[in-house]
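Got a structure for you, written out below as structure tokens; questions coming shortly.
Labels run A, B, C and D following the written order; every chain starts at residue 1.
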Amino acid sequence: MSDESPVEGRALTSTGAKLRTAAEYRASLRDGRRIFYRGAPVEDVTEHPALRVAVDHAALDFELAEDERYRALAVAPYGYSRYFSIPRSSEDLLARCALIEAATREGRTLVVLVKEIGTDALFALQRLAPRLGEPYASRIRAFHEHCRDSDLAMAVAQTDAKGDRALGPSEQPNADAYVRVVDRREDGIVVRGAKIHTSVSVNANELLVLPTRELDEGEGEYAVAFAIPPNTDGVTLVASPYLPAAGRDAAEHPLSAGRKMVETVTLFEDVFVPWERVFLCGEAKLAGELARGFVEFHRFTAVSYKLPLVDALVGAGLLAARVNGLEKARHVRDKLAWLAAYATTLRGLTHHAAERCRIVDGLAVPDTLLVNVAKLHFAQGLHTAIGHVQDIAGGLLVTYPAVEDLDHPDYGPALGRYLAGAHGVGGRERVRVMNLISDLTTGDYGGYQAVLAIHAEGSIEAEKLTILAHYPRDDALAYARWLGGLDGGHRSPQSH
Amino acid sequence: MSDESPVEGRALTSTGAKLRTAAEYRASLRDGRRIFYRGAPVEDVTEHPALRVAVDHAALDFELAEDERYRALAVAPYGYSRYFSIPRSSEDLLARCALIEAATREGRTLVVLVKEIGTDALFALQRLAPRLGEPYASRIRAFHEHCRDSDLAMAVAQTDAKGDRALGPSEQPNADAYVRVVDRREDGIVVRGAKIHTSVSVNANELLVLPTRELDEGEGEYAVAFAIPPNTDGVTLVASPYLPAAGRDAAEHPLSAGRKMVETVTLFEDVFVPWERVFLCGEAKLAGELARGFVEFHRFTAVSYKLPLVDALVGAGLLAARVNGLEKARHVRDKLAWLAAYATTLRGLTHHAAERCRIVDGLAVPDTLLVNVAKLHFAQGLHTAIGHVQDIAGGLLVTYPAVEDLDHPDYGPALGRYLAGAHGVGGRERVRVMNLISDLTTGDYGGYQAVLAIHAEGSIEAEKLTILAHYPRDDALAYARWLGGLDGGHRSPQSH
Amino acid sequence: MSDESPVEGRALTSTGAKLRTAAEYRASLRDGRRIFYRGAPVEDVTEHPALRVAVDHAALDFELAEDERYRALAVAPYGYSRYFSIPRSSEDLLARCALIEAATREGRTLVVLVKEIGTDALFALQRLAPRLGEPYASRIRAFHEHCRDSDLAMAVAQTDAKGDRALGPSEQPNADAYVRVVDRREDGIVVRGAKIHTSVSVNANELLVLPTRELDEGEGEYAVAFAIPPNTDGVTLVASPYLPAAGRDAAEHPLSAGRKMVETVTLFEDVFVPWERVFLCGEAKLAGELARGFVEFHRFTAVSYKLPLVDALVGAGLLAARVNGLEKARHVRDKLAWLAAYATTLRGLTHHAAERCRIVDGLAVPDTLLVNVAKLHFAQGLHTAIGHVQDIAGGLLVTYPAVEDLDHPDYGPALGRYLAGAHGVGGRERVRVMNLISDLTTGDYGGYQAVLAIHAEGSIEAEKLTILAHYPRDDALAYARWLGGLDGGHRSPQSH
Amino acid sequence: MSDESPVEGRALTSTGAKLRTAAEYRASLRDGRRIFYRGAPVEDVTEHPALRVAVDHAALDFELAEDERYRALAVAPYGYSRYFSIPRSSEDLLARCALIEAATREGRTLVVLVKEIGTDALFALQRLAPRLGEPYASRIRAFHEHCRDSDLAMAVAQTDAKGDRALGPSEQPNADAYVRVVDRREDGIVVRGAKIHTSVSVNANELLVLPTRELDEGEGEYAVAFAIPPNTDGVTLVASPYLPAAGRDAAEHPLSAGRKMVETVTLFEDVFVPWERVFLCGEAKLAGELARGFVEFHRFTAVSYKLPLVDALVGAGLLAARVNGLEKARHVRDKLAWLAAYATTLRGLTHHAAERCRIVDGLAVPDTLLVNVAKLHFAQGLHTAIGHVQDIAGGLLVTYPAVEDLDHPDYGPALGRYLAGAHGVGGRERVRVMNLISDLTTGDYGGYQAVLAIHAEGSIEAEKLTILAHYPRDDALAYARWLGGLDGGHRSPQSH
């Protein structure tokens, strides 16, 4: 787990590297950033009733580094957070996967993301650095060191609003459908536009902006990548009201009452970015490569952080079967076996992708084909998984009584008795199991996970294209031709 | 559309039949019934912030009868609500289907149910009446006339808490896992236990109680069916807090802010039922027949009321494709074709089931095989349908800005401009489309529909068993045997 | 079931209409047509070892008209074959469906087709006649009367070789990738090219040729439809060697030993067609309409003739379950329920499409949307159905001993005893059940049906496009817009 | 790749170990074994027109060991065939997997099996040896050395006829539904009954017999495992006539004309087995363990030998897309991506199962959960894969002209020209591609593979049960309980 730069071969120095406490992290967010929630300005994100839950959730990352159980995993050899550690080997990738999985597991199936996504972007930038050349390469290295040594939380703003999806950026009737450079000055550039789906931006220290797609020659103004603090002038973070955590009962919503990630529409209204923070500016033909490069690393993060979710689905199915006395019902066993195979396939392909990584310029890149197959497997199965767990659980998922009912001195005891399940499970426990599964699958948290499955880290269609592009097609074609007698040869053609 | 009783051939008289206004309906619910919501007593369900939405929704049924557009459909020839009209022909069933569809359509994909489910139970009781004999048959007829002539709203309490699903009622460690008769008196019976999933009980005028399953010989105490007003002594309605409508913004939740159905856990604590309201008591071997008979009618209601939901899913998919400029994207067209086929199959099988009804003792019974196949088709496809619509819509489903943001004087206009979609659709409209689809598929309303798909009106597994039981297996076997040469014959065996 | 022409309102006269005997039909095929089988000329198709089975199979149509059991179905009121009867109502369509189903059922799941496909083409031509105008309309009428009154067997050659599927006819490097008109003379036209997949051409009396796709303005030479006898100069029929029936043991291959349909590559090498047999020539913009019109009728034929196949699959599954003693195994019941639902959905949608037909110019057209949904349902489920039946049957499908083994005096009795199944079924019967299912699903007959499911009567993709085109999209969109609050209105928009 | 015995820690000696040539192998099969094919005795299996193809196919294993390209893979360090090498590590398992894959690849997607299956049985016996104790353990070791040092071909007879599947062996009306011991003598035992699905028995040197299932206490007579040469008195091999290779044109059937595996019903009519060849006799409670143990190894073999088949399907899909000019058609790309993901998942899980092996008594056992998930993935997807490839290929799969037609001096050239495809592919090549895919998917070879997918190496249902049994359920349950707040703890429970 050495830490040599893939760009120039020099070791990233780690002088001054430190880990921040959760308190330091929280304090760093009170920096005057411009956030709105439901049309109202947010003075202090760490205190805001709706958004503070997201801050608390993100703080988990800083807490784990102090937790004896996780320290070895969470802290890299030189004393900084392992997230910033550039993977050099399968072992490094497996450790990164394990760290992401552990944090998400502790986060009750919700990814923490404040370091995951940013380092995915950093790795992609590093990987592209040899082709970007100077001065980009040095800026990227310096920014990486800055984030690492200051133990920063980072958001990545990639997805543009896109307007008419059938048209490219330069064809849009609305020129601002994609973020673009509107001015180049001596000291930096000025950008305008909006990014959507920006996760953790309200509680990050840096906001990395990347292009979202391939660009044509003449679309250089849209080829821009940079990083700025969220409190930069002209940046407005409009937080989505979806999935509000405030006011939820922790028993009724055991996941979403205390865990939260916030997305923003991120407005850039003539925002100035100094040159040292600009990583791409005008190189249209590299925009797609950077976009894809980021997504490739990020999909490995994605399949890593999906693991606790699929574990939770299997566990929820098993638990519901037990509470209902359905463990031996044949159709339930069939669904449980499906869930177990679903989870095992995802975990197996994810780990195998790390084991079969390529080392490119010293950087360990998880096997692209396997990562995308794993992600597609997850995405295409989640709705079925949800349906299976709901099937085993039963209608109480959406008709359960409230905690206050079970606590009622008058009818609460009777209610608990009537609702008792199998194996001596009381009504209260049965209801809590229903609450867990309801939170996981029928409410807005379940819906959030379902939509993420389809759209986050690149769409299902993008995954299919990537799979087709990376599959060893020539080998498959050659074998088929030999089988069909179209090409001669006593023995089959060799694979490459 | 004559209305002769299937039991004795006499016409159900309709003297005094009247339709109630929505106001009369609301007034009738202020009767001292014992309802709790989150542990607190509900004084007046028509004024309660959480439950009044359900009352308003149910009032739709009474309003439609006064609406010129729907009157012909909603009112039967003798001047009472068509729901109470016993179907005698395919045409009657198609009209009933159309009425249920229309009411649900106006109810924004949420079934009204206050007459649908009760009449399903009444039809099932009427159908069983010849076998139940007197005095049950007369009581059933009288109760039907009472409900019809008073234009009553009805709930049906069928599903028991069930405890350990691997055990029958009499094997449960908890004797009260199923509702049962604890005393027989000269003037009536006393029942104890709890039913779960009781829809519309908080806003019904009558509560019909039916057995939930087959019973063995010695389980006669569980073989009980009866009807009582919800304000009967000993009845407690514990309303589920799931899917609260109160406080929702109508733009952000266009379905669930104004539409609501409430389920209760319904406690029967030594409730007295007079004999004239008892329809089954001790006839263990008829319990399963009554349970299935109700479900058979109710599944036809179910496939009828699912039609607006599948229409909404197709429409939402089309709308999202348009807003995003994805109408010509091949994978989107593929998903839209899937959705269209899904909806068409459901509607086709439902109507065909009405057209191929059997007339049993004068009662038109929709084709059981087709109804169950339709229901299974719906249930097994809904999660896929939801996934497809989410896929076309995009991540804004769960990251949209609030209405208040779009209205903000400062950044609202820019936000609207940046989020503009294809075909000149502005950001505001794009967000509303996302809100519709989010309400329909990612939040608790979508989850409610998803769980209903699997569990309401009998489970998926129950539907499979019914399909297998009603399929003409002997014909299929005979044909296969002839094909395989196991049975002779120059020509194939005739079907029956 | 009147028989007025949709074109001009005059009754098709039926003077001289007669039904041919199977012997007359056979005799009519000895007309010097140029057929090759595996490179060798076929002198007499009725005696050729490989092809005679196809003639015998087709003769079934003529036999049924003489069979008391089927006469009412097979013979139209005026004394000719019902296939030629133009459908005027739902009842006519249901009768046509029943006749196709009956013939296929007697044909052991293999469609007879010698009248089905030709009349589908005739109906499509009749439907287009008002737009084609004269002299086409009169020619079409005359040709219809000719076929009907002479009780002819007809083949339809539609699918072109197509070359590079990404290119249209006029863009092909190979000018002959699509059949085209190479000369127009005073007395007729000369055509060149090849059609593939031409079913029953070796044993038909007339060969109808139709365009296969939409054509652009400048592609008039490819817009050609006509009819000629197969023995016309320049026509060569190259019969496919796939699925040879000769030499098969009837016990081991109970379907394919005695039932056969032959496809040809049909070469037109400068074939002269007199004008009275030309139905389209140069009208590029009508080519697609005719192609689609034929396919629409033909898909209704298709879903009708698939019914015995799905019945056979359900029956085979039931039979295998019984023989193996697996009737109560839960996973087997699950698969049987799937099969039953699959068959019921296909039959239900097919019949419903007839019931919901449109009457266009007096011609009853089955509901296009329902027909395509039915066809897609069949096509997308067949591979699963095959898998389920194979699963229930077991490995003996491909490891069974031969009939000769069971008959062997030495070890035959022991073999039969060892292989005995459940319910007293002996080894011989168990093996015959395996043979039936093997023939139906694992050998070339099963493969033939599987490929037909995907490609015959238009591809799966074509069905999806048709579904999307015929779905009431505006209604769905309007409903979704109303639900989302994008359009106002107290009540939902009316459907059309 | 050391070779120490898992039983006693002593090295298996390899004195005298030698590799046989293909000619020696063939000669060894002329030993008077009693084979019947279609009721006729087979004098010499190496010359029999139907069965010799199977011998030639099996000879491939011996040829590969002499082929420079494969020698390193095929030959173990001590000079014997690697198949016999007991795996001690992940590397050993990966090498075994690679060897099986290579042989099957050269075998044109048909597994060779003559050493694979036998060594799976030997490994299972070795693994059980510590529990079987002496004298079984020594006999097993001796038999392993014998097979290895003589480079023998081995068949395994496991599946019993089973009669009524709802009943156990001792409950069958037919006592001979399962192979059983009918006499114990001083020098050995006498067995009676029949095994079905015995692959490669006609061309093996040893026949290993294993129990097929769990047995109850009183079913000791069915608990029997042993090995005998196929020419032992009382053994009759009744070869299945399914999938005859004789007479097939190599161009039209590029796989099945030259590649063949034969299954027999294997009759044991009072066959004497000397004690030194008896490995289980009466230990009812170990029968299931041995049966499962064999299947576990054999499923790893299975997923290894499926790899060329899925490669061929992907390649065939790509080739068909190319020939048809459909490479850019969106629905075709979708199907190709599905195929690529299908193949990648299988290969990934298979290799990962080797990498995550357990070392039990020195024996490397591939991860059971992963192997079963891989196998289930393969089995549940194959019918879909076949459907996709057929869809891309088109109807010519079942309507192609013969090779003799393309060669015909008269119309052959025109035929070739008309059938030309995209990218300059001539009609002849297009037809050969169709022939390949037809052989692979629509004929009896494709059907053979499809049935094997479902039934060979244990059924789909058995795989589901194994998955559920081996999934870390306690961890999943504990995590779900913690998530639902049923168990306390600040951090999530540790996995095991």
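Simple rule for what comes next: contacts are C-beta pairs under 8 Å (C-beta built on N, C-alpha and C of every residue); 3 or more make two chains touch, one makes a residue touch a chain.
Because the structure is predicted, anything quoted here is derived from the model rather than measured.
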Moving only to chains each one touches, count the minimum steps from subunit A until you reach subunit D. 1
Computed distance of Cα centres, subunit B from subunit A, in Å: 39
Can you work out the whole-Å distance between the CA centroids of subunit A and subunit C? 51
Can you list the residues of subunit C that touch 2 or more other chains? 331, 334
If every chain is a node and each touching pair gets an edge, what shape is that graph: line, ring, star, complete or other? complete
List of subunit C residues in touch with subunit D within their complex: 36-40, 159, 161-167, 173-174, 176-177, 193-194, 196-197, 236, 238-243, 252, 263-265, 267, 269, 324-329, 331, 382-384, 386-387, 390-391, 394-402, 404-405, 407-408, 411-412, 414-415, 417-424, 427, 438, 441-444, 446-448, 450-452, 454-456, 459-461
Given the complex, residues on subunit D that touch subunit A span 67, 69, 105-106, 108-109, 250-251, 254-255, 308, 311-312, 314-316, 318-319, 322, 333-334, 336-338, 340-341, 343-345, 348-349, 351-353, 355, 369-370, 373, 376-377, 429, 432-433, 435-436, 440, 464-465, 467-468, 471, 473, 475-481, 483-486, 491-492
Please give the residue numbers of subunit B that touch subunit D in the complex, ascending. 330-331, 334
